[in-house]
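In the two complexes below, chain A is the common chain; its partner is chain B in one and chain C in the other.
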Partner chain A sequence: MSAAPAGTTEQLPASARVRRLFREQPVVPLLGLLAILVAILLTVQPGILNRPLGWANGIVYFAVPLAILAACQTLTMLTGGIDLSVATIASMTAYVMATQAPSQGDPAAILIALALAAGVGLINGIGIGIFRVQPLIMTLATGLVALGGANVYQKLVLTAGSRVPEPVAVLGSGTTFGVIPNTLFLFIPLALAIMILLKRTGYGRMLYAVGDNPVAARLAGVRIPQVLILLYVLSGLLAGIGGIVLAGAAKTATLNAADAYLLPSVAAAVIGGTSIFGGRGGYAGTIVGALILRVLLGLLGAMNTPEPIRQIVYGAIILGVAAAYARVTDDG
Partner chain B sequence: MSAPAVAAPAARPGIGRTIARNQWVVGLYLLLAALLAFTFLIKPGYGPADIESLAISVLPIVFAAAAQAVIVIAGGIDLSIGSLMALTNVVAAALMAQSGEVGAVGVVLLVLILGTLLGAVNGILVVVSRVPDIVVTLAMSFVWAGAALLVLGSPGGSAAAWFMALADGTFLIEWLPRAFVTMVVVLAVIWIPLRRSRLGLSLYAVGSDRVAALRSGVPIGRTKIAAYAIGGLLAGIGGLSLSMSTGIGLPVPGPYTLGGVAAIVLGGVSLAGGRGGLMGPVAAAFILALIRLDLVFLGVTSDYSQVIQGVVLVLVVMIGGLVELRRRRA
Partner chain C sequence: MTEHLLEATGVVKRYGGVTALRGASLAVRPGEVHALLGANGAGKSTLIKILTGTVRPDSGSFRVGGTERTIRSAAEARAVGLASIYQDPSVIPDLDVRDNLRLTRTPLDAFRGWMAELGIPDLPLDVLSRDLPLPTLRIVDLARALAAEPQVLILDETTAALPADLTERVLEVVGRQRDHGRAVIFISHRLIEISTLCDRATVLRDGQTVGVVPIEPGAEDRIVALMLGPQAERPETERATGPVAAGIVGAALLGAEAGPGGADAGPAPTAAAAPGELRLAARGIGAGSRLHDVSLELRAGEVLGVVALEGQGQEELFETLAGARRPTAGTIEVDGRPVRFHHPADAIRAGVVLVPADRLQALLPQRSVRENVALPFSAPFRRWGLRRGAEEPRKVSAAIERLQVDTRAQAEVRRLSGGNQQKVTIARWVALGVRTLLCFDPTRGIDIRTKRQIYALLRELADQGAAVLLYTSELEEIRLACDRVVVIFGGRVVDVMDAALADEPTLLRAAYALPPDAPLPVLDEAAS
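The block that comes next holds the complex of A and B.
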């Protein structure tokens, strides 16, 4: 978006202008889709209107971890990468935090856990940035390593007991004034920071540049290895934060807690208009994408759809939105 | 290794790359042999029966890797292979429960056709929707997994006796498992004619350079759909191999999508497309299985073995990346 050419709008026909709008502001049509889904949900389950806040909070509690994990995919996809280790990192972080909390105290436990998350991200970054390993395979492999390590760790601390620190539980599932989910106090600043990082900082521009044309970026003086290493460390940290928030929402931490979020995190970024080939996209769309996926799940649950049909519809909608998006924004 | 490449006649510029590619595969088979030797060393009683169970357990992952390899060579990737295998597996199991021994022949043919069609659906969606392969097949992985649950709500069904015998027991000598023979025959029947055909050449052309392929008159869309259809056929065979080894249908996708990706990358198939074959991925699947087995024999718990497998995968692809970098600079 930041790289969009300006000044040619007036000669374009209306349809092309609509396309340009959709391409540059994918949030607008996505919000429309979200509104339609909510409207359908309200007709299917009018009881929601009796307790709209409780319902909205229920969506937010689990949409926030998804949106945070989807941030990892958005950032890495901008450079043409992907991070398949986010689910493992998220679960591992939450689990380490919960098991270290009784002995180390809450703040230290959270810091230890986040340091581990950043460490896995660093390994990803070194493999991808310096050794040029495909991001897909690198993050897949580090996910395996981290999961195995976490399993070993689980055996070691089995007797020590685990608890989700109270502040984390309050953050993940409490409300302020009984209406505002506390996660938003973490998520809104975080989301703003990510958007500012992408749109207003030199580093954000480098991410787009690397994804758009790595050769041109390198010739323009971008130090690609350093950019990528920092990117995957950031992605690891974000995954860790997402895991902690999820543990707070679920009030428990297990080693497969975030597994179900891996593919939806990729889907949320894709639905939100971020190109998996890099160079195009943004975080605002991803947030709406995450909301759409959560509402969709709620809708399918409300309609008492059997699990198989639910999966089929879920897949079909991801594909449908992505295809519609590709069609609308295609220049050809 | 770069010296002969430079000295090669200019008329055959691909020869250096061919040597390097085969070096990787040769290296893999040497590694496999070393691992086998190591296995005999640490477990003196390791015999024909163990080889047999190794071959049976590797069968599904080999077909998953072969399916992925054909698609990746053509420049795509299919994240729905695991779900496709689950779907074809339950269809085979559900139908064989009613078909009887002779009717099972029809079931096998039907499942092969089904796999090809479902793969073609993936390919058509990729080509028509113009959505990246990874996204389309990710979405379709939900669809196929859901369909598998519709066919069989819980593990069940059965498999014909003659069908299970294809993977059970040994062939001629006791050191040659039937599962291995089945694997080699099936892969050879599909891959060798394909590799020599015009379509096979098109797969590599589309995968290595779309624009060049288009300008040389290769029908890109049709080639890609064909790649996904062949991938679907191989995934269907993978689903059948699950029936063969378990005798039932399991409506939950196994770890075959990402396992297959790992095997092809280790097997020298470039995820960027256009390079690699089936020999490497087959060896890689055996290597990954043998590493797991050896770790069990060494008394390493399965958790550590997961770590070690991941580390092996990382190291191997890093070395591959370094080799690639040096070759480009040379």
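The block that comes next holds the complex of A and C.
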């Protein structure tokens, strides 16, 4: 009997196995939750079945920008940070692109706008990485400063006119063969790139390490400021891309276009299993989290309830999922 | 049979995939000091946490003073008369001592009385806890527990990092608990302490109670046999080879003089290695308020020991050499050339790596064993791209295998036992390729089997050309693991000696900066 090792996985009770599944593969139970929500929606609104593709496309158009902004939260949360400037960066990028397009041409306008997004990210990165400002404070502050700057810019370019470049509009709201939303041609490669970044690159390893234990990471030779500066630049760029996609979907750009996405972007990452304390999570869960939030909104919209009640239910369900998740994955 | 003060039977606890306890039992009589023994990972800490209400068992029955009860929180444990002291004092650093005592409603007079008994009679109560030295805090913690007059006092590795003199005082006071019909549960890796202090011992192995042994002359052998289990009787050829291993087993377990193994193979290992070229040199380095002027030379192929009492600048020395702290004086040389380390990454590039004292400073608790070992591979900026090639995975696997890291609890390193965690911190540098390894107290609070493996490994690495600097708080290990030894006192080197001549009394005298024939200092000194 003493020959048996002190722990074998076969004899786990069912509850422990479920916990392990939740910890290590949060996507599986999340997909289950998504399926349940969709099933409820279908019973409440059976009409959807008459035009399933149109309904799915509607979900995708709004879930993709959310998922892109939630990528910013996922990456920064892995290091124990957060990026509250994403909404401002997204709106600002879209607005700069739309106002520069008439004079600079489409490609230049997009590049200028994205460079600006990366620039705000760089300021975040320097503040957080080198001057060790709390990420929450730093990104909140740069978000406000950027919003003020964008408002000044708006006054300056008021006469110039604005238009969303045609390719962006096609990407954001068009379909291929009438069924496949074009945003997927941007989003699927982008999502794969983010997942590969996290799972298969040295930099991805750095993000998890810095979030899990910065002291240990430093002693192992990780230069944390470098990691963080690059991280927030990436986050700024992603926010900019999210803003462009959003402008393409709405075919217009305003300075508050992305505001409604800020807190859902954090919620999508948390529901997707990324810990706000750093070191745990991934992007696949975040994507499912974004889909869940979208379907949930559709469901509440279909229920014919007054707006305040909808908001209460929406918030309560997010809280419930996050709490259940924390409870299940917590140790005994 | 005597009425038991505290009795736990059939305790089972699983953590995810790992079974920490699979039917442990413990019964403590009034008026005894009861040792709880077992290799790391045997389940001692888990059992203690269950007894004190911080962890819920999956099953098991508990009797306190003869009546069945379950303990669901630390407050309940206190209420039934259980008090526990851990290696890290449970005081709030930003409160002064008085407020800390108030938090636990500790009567001040009783506290002062116990402090006097423990050799620190006039501690001012209005100092912030963070300003007190660690050994003093441990004593504060203990006095506070004693003041609550617990029926059962649990000491979990409390003596592991105390200076020798304070340890003696603690053991004496603890031993006197018996006189009042109370009991003490005592956990320590030092068998010497067990044999002088304890009445009986419960031995755990692989989560089960494998024996209850009365402590009497000769009991050590039986305890060791129980702890190591049947495989200990096999010849140890493939694990820890040669006289080094044998000597370490014998001496570390039984004290250099006591066991037959120690007598046979004492100084054997030191003769073997002939030091090679100069690898790392410190020239008069100082840092912070504790490290003033240390010079030492570390050569390829040698294990250089560092001995010091607590807080003599050794932490600062290791941190400075590893690039984690800037020196305020002196220079560091690698391979004969002066270097300036601005970041641990600079030291790592020069081949100088640190295994820190605290495993929490070295590990990524939520990452897997492999990720922890592979971490330094990806740290340089140029390695941030796609991870390609089979070289890194191969080196990582080889290191994990070489250190015999138990990877059953693969997914997260924090679920490993302390000994296995320590192996992971070393495996990381073995995988990367060690040139100069700085090990700060790598065997503290670690079981004998792992200790033996770690020393055998350090020796082996040195034989293969690495240079190893080893600080250890366990003096009896110096002779077995090192070639030479440097003694530091007050931030300065006070002695350098051949490790073969460095027995415990000699080292202790040197560590107190006393002439070789002076008597050892009296107990009260550490209080000041």
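Here, the second predicted complex is superposed on the first by the 319 of 332 C-alpha atoms of A that agree within 3 Å, B and C clash if a C-alpha of one lies under 4 Å from a C-alpha of the other, contacts with A are read in each partner's own complex, and residues count from 1 in each chain.
Note that contacts are C-beta pairs under 8 Å (C-beta built on N, C-alpha and C of every residue); 3 or more make two chains touch, one makes a residue touch a chain.
Keep in mind the model is a prediction, meaning the values are calculated, not measured.
S.K.: Pick one for A:G178: touches chain B only (first), chain C only (second), both, or neither.
M.R.: neither
S.K.: In the superposed arrangement, does A:A322 touch chain B (first), chain C (second), both or neither?
M.R.: It touches chain B, and chain C stays clear.
S.K.: Once the shared chain is lined up, is A:P46 touching chain B (first), chain C (second), both, or neither of them?
M.R.: A:P46: touches no partner chain.
S.K.: Determine, under the contact definition given at the top, whether A:L136 touches first (chain B), second (chain C), both, or neither.
M.R.: The first partner, chain B, only.
S.K.: After superposition on the shared chain, which partner residues are touched by A:P308: those of chain B (first), chain C (second), both, or neither?
M.R.: first
S.K.: Within their complex, state which residues of chain C touch chain A.
M.R.: Residue list for chain C touching chain A: 14-20, 22, 41, 43, 55-56, 205-208, 210, 229-230, 322, 324, 343-345, 348-349, 354, 356, 360-367, 371, 374-381, 383-387, 408-409, 411, 428.
S.K.: Please give the residue numbers of chain A that touch chain C in the complex, ascending.
M.R.: My answer: residues 2-9, 11-13, 16, 19-20, 23-24, 196, 200-203, 205-206, 208-209, 212-213, 215-223, 226, 279-280, 331-332.
S.K.: Mind listing the chain B positions that touch chain A in their complex?
M.R.: Listed in rising order, the residues of chain B that touch chain A are 125, 129-132, 134-136, 138-143, 145-150, 153, 258, 261-262, 265, 271-272, 301, 303-311, 313-314, 317-318, 320-322, 324-325.
S.K.: Provide the residue numbers of chain A that touch chain B in the complex, in ascending order.
M.R.: Residues 82, 84, 123, 127, 131-134, 136-138, 140-149, 151-152, 155, 263, 266-267, 270, 275-277, 307-312, 314-316, 318-319, 322-323, 325-327, 330 of chain A touch chain B in their complex.
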